[in-house]
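A short worksheet on the structure shown next.
When the chains are written out, they are named A, B and C in that same order, and each has its own residue count from 1.
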């Protein structure tokens, strides 16, 4: 799904990375813990989160995450926005909750990246 | 006939798209069914309706209507006015009923 | 009219009335930018809008796929939803299964399919109850469609 379609679906404002809105994302995941992001994040994915500190942007960039949606109307600070802009990473803010945002994307066929922990445990055993 | 003249004569209140009041009005359509308006309103028409939700802006934009007149004292939703301002669509309101507005427009020669 | 190659799948969320209409607006804008005849653009916009609104009114989710090339526009509206139990009845003027909520907003007039059939040069609907519905339409130039030409949809 194109990021520009996601902007419309989540009724989001674009804070940074406007040039990257025509990119396609093959999957998405929602999380509010950095360590989870490091464990589950996949290149090219869309991240939905309520965390707004600059380290989220930097970590997302390290994981080659395509774009970030901040949910519940939470705006990251200027530093995060400037960093994202310099990295060419689209930052969106949606007024909707994490649940609603994920639901809208999921029902429209955008697959998740974060699989079942049971399956992961089985794979790691 | 220009929208400004109609707005003045019928005492309509412009709620958005004020910069477009000098547009010409080609004709009129009255309906509260959106698909009916889609089928019958022409480019340049004013559309009289009591619907207040943002989809009326979508219809006006798709059909190149000159304006939407929300009748009967109905108050357009904030989301409607926001969308109208964003898309440059003129929305005017009136306390008069759709029937009266249509009649008066027809009297003015808007056919 | 020679349209530049373009295709896009616009996701449509069931029940999200305030978001619906994007595909129609976008296709109209693109046709305008490429100087397509106003009447042609209007037909495509109206039919696309009706197909998009049907997804919003009746389905859980769907997409409107627009493909433009040369002299033609193809629109496919596909959804996951209840499907249509009786297509013959659904195509009847004035017949609608829209919810009460949709009707209070002025939807569910039962004119959607009629508008699509009148505006499109090819129209096909296929459906499976409990699975979803697919509408396929093709738009080609009609005689007399040029700036200042007669309205073809009247």
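Note that in this section contacts are C-beta pairs under 8 Å (C-beta built on N, C-alpha and C of every residue); 3 or more make two chains touch, one makes a residue touch a chain.
What you see is a predicted model, and the numbers here were worked out from it, not measured in a lab.
**Student:** I want to compare two interfaces, A-C and B-C. Which one has more contacting C-beta pairs?
**Tutor:** Counting C-beta pairs in contact, B-C comes out ahead.
**Student:** Taking the mean of each chain's Cα atoms, which chain ends up nearest the overall Cα mean?
**Tutor:** Taking the mean of C-alpha atoms per chain, the most central one is C.
**Student:** From the C-alpha centre of chain A to that of chain B, how far is it in Å?
**Tutor:** 40
**Student:** Using mean CA coordinates as chain centres, what's the gap between chain A and chain C in Å?
**Tutor:** So the centroids are 32 Å from each other.
**Student:** Measuring from the mean C-alpha position of chain B to the mean C-alpha position of chain C, what distance in angstrom results?
**Tutor:** Centres of chain B and chain C (C-alpha means) sit 23 Å apart.
**Student:** If you look only at chain C, which of its residues touch chain A in the complex?
**Tutor:** 8, 10-14, 16, 19, 22, 60-61, 63
**Student:** In their shared complex, at which residues does chain A touch chain C?
**Tutor:** 1-2, 5, 8-9, 11, 104, 107-109
**Student:** Applying the document's contact rule, which stretches of chain C touch chain B when the two form their complex?
**Tutor:** Within the complex, chain C touches chain B at residues 17-18, 20-21, 24-25, 28, 38, 42, 45-46, 49-50, 53, 105-107, 109-112, 114-115, 118, 151, 153.
**Student:** Name, in rising order, each residue of chain B that touches chain C in their complex.
**Tutor:** 31-36, 38-39, 42-43, 49, 51, 53-55, 58-59, 61-64, 79
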